[in-house]
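What follows is a pair of complexes built around subunit A, which joins subunit B in one and subunit C in the other.
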Partner chain A sequence: MSPALARMALVLGVLLVWEAFSRFTSVSPILIAPPSEVLWQIVRIVSTHGSVPDFYSNLWVTLAELLAAYAVTASLGVLVGFLFAGSKLIGDAFEPVLLVLYAIPKIILYPLIVLVLGIGMFPKIVFGVMVGIFVVIFNTAAGLRQVEPTYISLARSLGYGKWKIFFSVVIPAAAPTILAGLRLGFGYTILGIITAELLVVNAGLGFLIDWASFNYYTPQLYALIIITLCIGVIGNGLFSVLERRWVR
Partner chain B sequence: MPTKHLPLAIRTAFIVLLVLLWDSSVRFGWIDSLFLASPVHTAEKFAATTRTALPHLYATLTAFTVAFVSGVLLATVLGFAISLSGYTYKVFMPLLVLGVTIPKVTLLPLFVLWFGIEKTTIIVYGMLSAFFPMIVNVLAASLEVKPNQVVLARAMGCGKVRTFTKVIFPAMLPVLSSGCFYACNAALMGVFIVELALSRFGMGALVHDLAMTFRTAELYAAVLLTAAITVAINMALWYAARHFSRWRA
Partner chain C sequence: MAVIEVKAVSKTYHDPASGRETRTLENVSLSAADNDFLVLLGPSGCGKSTLLNIVAGLVPHDERGGEVLVHSRRVTGPNPKRMAYMFQDPVLYPWRTVLKNVEFGLEAQRIAKQERRARAMKYLQMVGLESFADYYPRQLSGGMCQRVALCRALALETDIVLMDEPFGALDEQSRIILGDELVEIWRKVRRTIVFVTHSLTEAVYLGQRIVVFTARPGRIKAEIRNDLSRPRSIGTPEFNRMIDTLWSHLKEESLLALEREKSTREQVVLPKE
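Entry: the complex of A and B
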């Protein structure tokens, strides 16, 4: 059996055991919802026939926060990474500061952000950037630094100009590491946004998840959690496609 | 000034500038002191806050240690078992990578549902946070072992145990220790998330209470204290990870 097939069989097996466990044992339906019912709830929520209020407007809040935060994470992160790799002085001066900031679990700063910036979308976007940006910066700088110097001297001896070397030698050589950073940064940004929404509840998928868990609507809770996780999985899949296309 | 010290000078100047900016934004009322405590006030409250924080700190560090150690141990045992055959590696690796990439915090309401608003939830969630980055690194580390070297060790008369301790384990050690670093980071994050969400135990609860009651200077002091301790833990692991990978350079 091929590994992919075995993996699918494994997942299916877990779902079957889960279904049987929730249907044929005396475990409370508040704790565990059977997968078939969760799937049914997902269909109802997505087709707006379920009991979940304003699904699409809340989904949009989360997506808007995610897109705004990721736009900043990606552009600012790559820019700072370029600065660090481009100037040894800037890199040596500021990289230790960033390493220390990276080592702080950002979550502990979230109460401060809420205190200063309030409870709207803005503090959540700021928090998403704070969680996501470091890995983008470090990977961009590392990717640019590991470009073989011989490639550059070869290009120069072939008469390439500065910009041409940059765009047709440096960028392609650094692309795999930069893209890996952008992919990881995306995962961290989602983590930041969802964490922020779950800790200060007012809108978004975090609000819906909190609503379902507060009211003990367990099947809806499972369905909403799976929908939220899907955003991460889909985003990650998009990056895999990009990586396969751009990296050889 | 010798150029060797120039980065340090720039860094120091930058930090001093930030503290000055922080101070003047309170002093000149750019930000209300209800929301931002001045550096001087924060420093004044630091000793007293540290004293109040000690029992909370103890609770957090205990939960973190239990979560981190059990997550790493479980990941190491399962990871070694999975990496014994190339087939199980191929079956499990994509699932485990998925476990790292999905935002597990979404599952937090379920954990509260299953384990209650108790310390168990903190430990289970922290353990899960540490587990995935660690097991992916254990599996990645197994690829670092060169089959030729294992064959060579066997040929030179090493038994199974000696081959493991002298060849296999040293080859895996660099990736294993960087796995520990990521697992530690994730476990700290996990423990604080649950502590903030439950606001019943540990530093997370203390920080939450201070923020809710607008004891701003104490809040900043408590956050600084937590940040300093977590940075110390992370840096120790980072240097350990570097130390163990030095032999191959």
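Entry: the complex of A and C
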């Protein structure tokens, strides 16, 4: 049996037990929705025939926030990581500060962000960046620092100059760690965005999830959670493709 | 005619943290002729690898006095058109295939793609790895990786090849086999080889001229010609006599180095090699 088959079998088994459990026991349907019902809800929501209001405009809000936040997380995170690894002074001066910031739960700052920036998309983007950027910075800096010194001596002995060494040795050598940071940073950014939407509830998938939960629309709630998860899964899949292409 | 000339070269390492100085080479002079197979043999920490790095232009020597000439030109930095350098570790880039690793040095010299490929394949064939050209280093054994590194050095087609304990990390059997291959290649394509080792057997097995170093600071203790006929075999009476001769020079130096390592372990300032 292949691992993929084993995985499928397990998932299918869980779904079957879940279905039977929710149909043949007296557990309240407010707590557990049967998978078949959830699947049907997903279809209805995506085809805008369901009871979920303005699904696509809310999805778009979340995606726009996510894309904006991740663009900043990835570009600024990699840039700062390069600065930290490139300059000992900058690294020694500011990395400890960031490590402290990384350790505190960012969520306690969110009320402050809302107070200053309001309740639109912007504060959610800012919060997404705050949650996602650290791992990108640290992985980038670590990846660059961990390049084997012999890799560089070798290129030097073969007549490579500073810039050529940077592009043909340092970058490919650090790429796996940097990409891993970008992948983790993506997951954290989603987490930040959805958390922000659940705390200040006015738009986005977080808003819809809160709406379904508040009104006890349990199948819709399950369906929306799964749709939200799909964003993460699709993003992760894209990174897997990138890693297969670039990283050896 | 001398291809490499080392004249009165000294090297001192400074440790900026403690301000201590360690003299690793003291007034060393030697030369290597065309098609020489020169072995530098010495106790650990005697500066033989440092000397090789200085010749390669990877490390500067002390400014006072000495100089290093390669083809009568002062060495100021790495010169891959004249000298190939082989490290103790294979240092293959894991993101490049075997072929691309061998081509890496040629890419720096902007050699056309077809010419690169042809040269790389020629040397891969010489060490019997042509069918592994599209493999990645992690799919190869240690000995195979070191063969690829050898190809990368030879593919530069320089007349000088500098080797810093290139087979030091291999098991004894692979060492002997790779040594045989190296001698075979050296006889086929005329090159000047400078080979650093701390193995007496390897020195006698490979070397045509063997330079024995003293313990730190490294000076030249003896220079011995090794005219044993090739292919050489380990353990013959002549072979053992050669080893005895080398050992008679080396023994007290090794003891001295060992003693010093024990007594001043934490005071020694040596670069990572």
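List of remarks:
We adopt the following convention: the second predicted complex is superposed on the first by the 248 of 248 C-alpha atoms of A that agree within 3 Å, B and C clash if a C-alpha of one lies under 4 Å from a C-alpha of the other, contacts with A are read in each partner's own complex, and residues count from 1 in each chain.
Assume a contact is a pair of C-beta atoms (placed from the backbone, for glycine too) under 8 Å apart; a residue touches a chain by one contact, two chains touch by 3 or more.
As the structure is a computational prediction, the values presented were derived from the model and not from experiment.
By the touch criterion stated above, A:A173 is placed in contact with subunit C alone, subunit B being left untouched. Look at A:V27: by the touch rule set out above, it reaches neither subunit B nor subunit C. Contacts of A:I104 after superposition on the shared chain: subunit B is touched, whereas subunit C is not. Considering which of subunit B and subunit C touches more of subunit A, the answer is B. Looking at the shared chain after the overlay, A:S157 reaches subunit C, while subunit B stays out of its contact range.
Residue contacts after overlaying the shared chain place A:V14 against neither subunit B nor subunit C. Shared contact residues of subunit A with subunit B and subunit C: none.
Those residues of subunit A that touch subunit B in the shared complex are 3, 6-7, 10-11, 30-31, 89, 92-94, 96-97, 100, 103-112, 114-116, 187, 190-191, 194-195, 198-199, 209-210, 212-213, 218, 221-222, 225, 228-229, 232-233, 236. If you check the complex, the residues on subunit C that touch subunit A are 56, 58, 78-81, 85, 87, 89, 91, 93-96, 104-105, 107-109, 136, 156, 272.
The touching residues of subunit B, when paired with subunit A in their complex, are 6-8, 10-11, 14-15, 31, 35-36, 87, 90-92, 94-95, 98, 100-110, 112-114, 185, 188-189, 192-193, 196-197, 203-204, 207-208, 210-211, 214, 216, 219-220, 223, 226-227, 230-231, 234-235, 238. Interface of subunit A with subunit C (complex): residues 148-151, 153-160, 164, 168-169, 172-173, 175, 247-248.
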